[in-house]
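Chain nomenclature is as follows: A, B, C, D and E, assigned in order of appearance, with residue numbering initiated at 1 for each chain independently.
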């Protein structure tokens, strides 16, 4: 599906014109968006726009890393958006020339609709040309990263708050999922950051001073997103280690209680076993109070063992 | 709430003048602080001061990373202070022009009161202009980081000293909390450090040599804070590992004692069980001294097991 | 075995000509591939082509790191291909001069056949000369890395999806194998990346602007491969840690169930032991309902212990 | 306490002259050391020497990071020495001007006595001026780091040698102490290294070529100290991991032996328990050889269990 | 012991001449090797060669880090060789001037004999001068690193292959030893690499283009050695983690089998205990088939427990 927008030399914004209208050169700037393309639409990249074959190859074949390439007459950007459900990166290809922007992408991308809306709304920016249109697109693409990262961060803050509470038990599987999501996000955000840095500092992208401030604003966002991803990954590592140690100490505490019970009863059971033997000649058996004495001895043994454990501090060892 | 201070061309300091007075241009330099702003006060940023829309957006919307941007007629700083209780970063926006400083922040910030006091006190600095006023503000902001980091460092030194003592048991949850606090601090301190570095080395911030020494002093502080945060994070990792190994070896020592008890008694209990069987034909049962012999054998077994354990060095294995 | 291809001054492509034909200088450019060389063919490097002795030494002796060296009249590249089965790196030596490419390698390499095919097919590129032929070779070498890395990545994604499922048990040995494969891949991919970077930015390799775009395309691939290898290594570490914690918590859950069973029965067995003693004077033994009372007490003890465990939350502790 | 030394214009070294003598300008160079200063002596920094207020602030207040600042007429160094007992860093402030060195420090520092001695001894260096005096001081400060780092390194080498021996049991607490000491040392050594690097490469410190060799020699030492600290920290991590795994495998071996004993006896005890039951109708009890048969069965069970364990390789599992 | 070699102005190589012959200046270049020096030979460094005192100090006192210093009339290199048995670094000091090389070392070094041999053999290189002689020495020093690193790498590859096999049990102590050896190697190889890099890129070392290729060849080797050391250290970490998890899961499997045995028998033993009690009124005891019924119940309990374990999947849990 192809969507178009452009500004004519008589200061009007025209929506959804035909590609043929471009040839009449009546546009100050225009943006052609090729989304979910048919085979015929794919071919337009070379037949109609005459982009560089390497750029077209990057559009059509597997996911590229975010980057910018400069060819005669156009710069070629590869940007990433995220599929909000799977957090898989998706590729948005963007060509910028003197007076045009062309975007090309296989999955539908709502970021582009938002950019189009903002362009239509801000009449005062209409005279800024193609690079400013490109700015709106990149800005919306990067803005869409924030809810994803904030969601992870909020979730981690939640976990962090609950972590010390005794009743909360964190599944380490969740933490692993978060870590792998952050890894995936990082693989897009860091190259996007470096890409915008190169755009800001390259002599080949002829950014005007006014545009620089706007791309600088995007760079800020990417710096912050990069920081957040990195420190959230460190936080997940801390949470995982902390939770594993909590689990293991809780587990140990229980094992110790259970083992203590066994340890107290085993010698007593042995004594009972001794007096359950059937030897003919076991003089104690006949004594009057021997049964009660043995019970008393058993009690003394049990109590002394517990006292010794308490003296050794084993009971408060794993209290918290 | 708006607070103002400024120096008139006739060498006086005036406090809390009206914004309208500025227009009459009687000030060598002035500082306007907009704190906990009302909606009307927020609007002043654009309607009265005419700051760049991107800078105003950064003031009004979510927390930015510490940074400096240069626009026509003013530089725009985003600084972080810390909420001393939650250790959450809070945003202080600072605009510096030729002869003015404007600060804008949502939460109240005592650092600004301290900066104001110092400005009033140091009469000899009054002629240094707006950038020196900005220095006082940034200096107070960074000075306020120290008590927070020192508190964590002192606490860690405390823990470190107690760690080897036998009676001290550290909750790993505390260590995790410290680590996450240090992570949070780092997210502010490192970008603040880089920000001051850029201020010192940028050609756009026209720092005089005298001012450079003062901003260099702040940079020293941030370098030291950065070092402290990093090495304290490493220390917490060491403490955590050390404590986990202490816990686990203490736990193991106890389990081993308990298990040893069981192991000694289990064969003896078996023997008792054998002579508790009710077979008609068990010749040993009738022998005169068999009971005592069996008791003796049990004793010998128990003693030999303990002796073997001792010989194998199991008893001193987990001594400390 | 020697294979040749070249373009004569009258615009033809000639395949498999004799080395002697070169001397007659009828070639615009030519490529000589020396694969699985005999001793005589090895000697050609010095006797026929007169390459630098250090470059020849690098061809003949042990595996070099990917690199480029510049000598009078030729640049010398060491490239790595992978043995697809063992993932061992194999060395491809490549000499480029004004009008020639010479490749030298001990194992057979199908990447070279593919490069040759593409050269023959793309008639429009025939006039681009030796450096473009070199591009085709390097491109095919790097393209062949992708299936290897993608295979590992797909496998890891598979593991990641199954990881939280209860019935899936991952052998940590597999993860270790993947990690060591990734280590091996990294040892080739990172130096290859740096090598292409140097080629792109060196003044000594006189790349034309058109060729730069092509080598830049290879550089993109290597950047992406480098990212994939690094983040997949991090992912394996996460998977390993996650799986170890899953294993250990499953194991702990089972141990706890088993230990709980023991703990409940051990005091009961002790009581049974007590009433199995053979003392003459054990008044309870004669009472009418004492057996049933004791059975009841045993039941009460067992139930209270289980109730206490439940109250303490031990049963749901390791549920998930 | 103030100590002075200087060289007069008539080529003499004068010790412990009065500060007032300086004003008469009879010195080619002089060094004033202010150690453990009284309040009056502290004031000299501003009243007598007129150093920059920021430098004086750094002298008087809390520990600074090692650094160099350049002010009009003097450079200001902050150096660290170590308290040899606590390994705490201590601050040595050093001012260098055209013809003077001033040192200021709160704790006593024997390094300064050594520097003074060397200056007095080396008559041929007397004409080199203030910067060479500063070199002697910095050199002695850095030389004093070596015994501290060597002591840790020797201790670690010792541990490493003993580690595999069976009788040696390392307290992990010691390793933790070493790690935290190394962390503390690193916090001084790395900034000291960077400081000397800046001195060597700065245009502001007007080092002559001859002096450069001498400061370069200090830089060598700091590079080596930095390497040693870093690799010793890695070594401690390795030792800790190795020791933990040795501990845990020793512990496991013992637990397994103990558990094996229990496992062999528990079924036997059960059998004994069965024939200890008091049912009236238990035909086996009356048979002539049933007791001996049961004993034999018990023996067979025990032996088969042990044989199965041996067949499964459990006995040699934890041998080493 | 002093060994000499040099080339006279009439194109001859002279071996083992006297130091006094040098003064007559008849040499185009010469190399003096001072190995295992006597006190008198040590003094030659200053009395005969007049090297810089800082360089002489570095020769005579403790082990330096690999480095290069430039003094008037000579460059001074500190190189490391390895003691092949202990893997301890040993210091080789090398002075290079316009027409001389002087080496100085305390332990004997076979690398120098090899360098001398190669010099004598390669008559065509005789006219290249002192720097080429230095190249031969450095080359032989670095070549000698390879067998050491290859030995470790081969050993690790061996371990890696055996790791998944069930019968192979790796001592973690060995892995620790390898790690500490790699640490030691790294402490030499990385500074050696940086040293050669500085030599290649420094303006002070006046390397001719031809020599650059040769030193570049050494740099290649050091890059590769550095890579190998780093990735082998990562591999040892992986092996250690993998082995620890294998050990622990094997151990856990065994513990679980043992615990399962106990868990099955403990309730049965309890039941036997109950019917071993000596109460007068235990009606079941008198019933005709109660003994057989109880045996049957015991069997049912045991079988149901095992069935439940199997249903829960515990038996295949730790199969692999």
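As a working rule, a contact is a pair of C-beta atoms (placed from the backbone, for glycine too) under 8 Å apart; a residue touches a chain by one contact, two chains touch by 3 or more.
Since the structure is predicted, the reported quantities are computational estimates derived from the model, not experimental observations.
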Which number of steps is the smallest that gets you from subunit C over to subunit E via touching chains? 1
Through what angle, to the nearest 5 degrees, does subunit A rotate to match subunit D on its C-alpha atoms? 145
Chain centre separation in whole Å, for subunit C relative to subunit A (CA means): 24
Return the distance between the CA-based centres of subunit B and subunit E, expressed in whole Å. 38
Mind pulling the subunit B residues that touch 2 or more other chains? 248, 255, 259, 262, 266, 269, 273, 276-278, 282
Are the chains arranged, by touching, as a line, ring, star, complete graph, or other? ring
Ring order of chains, beginning at subunit D and proceeding to subunit E: D, E, C, A, B
Where on subunit C is subunit E touching in the complex? 52, 54, 57-58, 64-65, 67, 69, 71, 167, 169, 171-173, 175-177, 179-180, 183, 186-187, 191, 240, 244, 247-248, 250-251, 254-255, 258-259, 261-262, 265-266, 268-269, 272-273, 275-278, 282, 284-291, 294-295, 298
Subunit A partner, complex, touching residues on subunit C are 160, 163-164, 213-214, 216-217, 220, 223-224, 227, 231, 234-235, 238-239, 241-242, 245-246, 248-249, 252, 255-256, 259-260, 262-263, 266-267, 269-270, 273-274, 276-282, 313-314, 317-318, 320
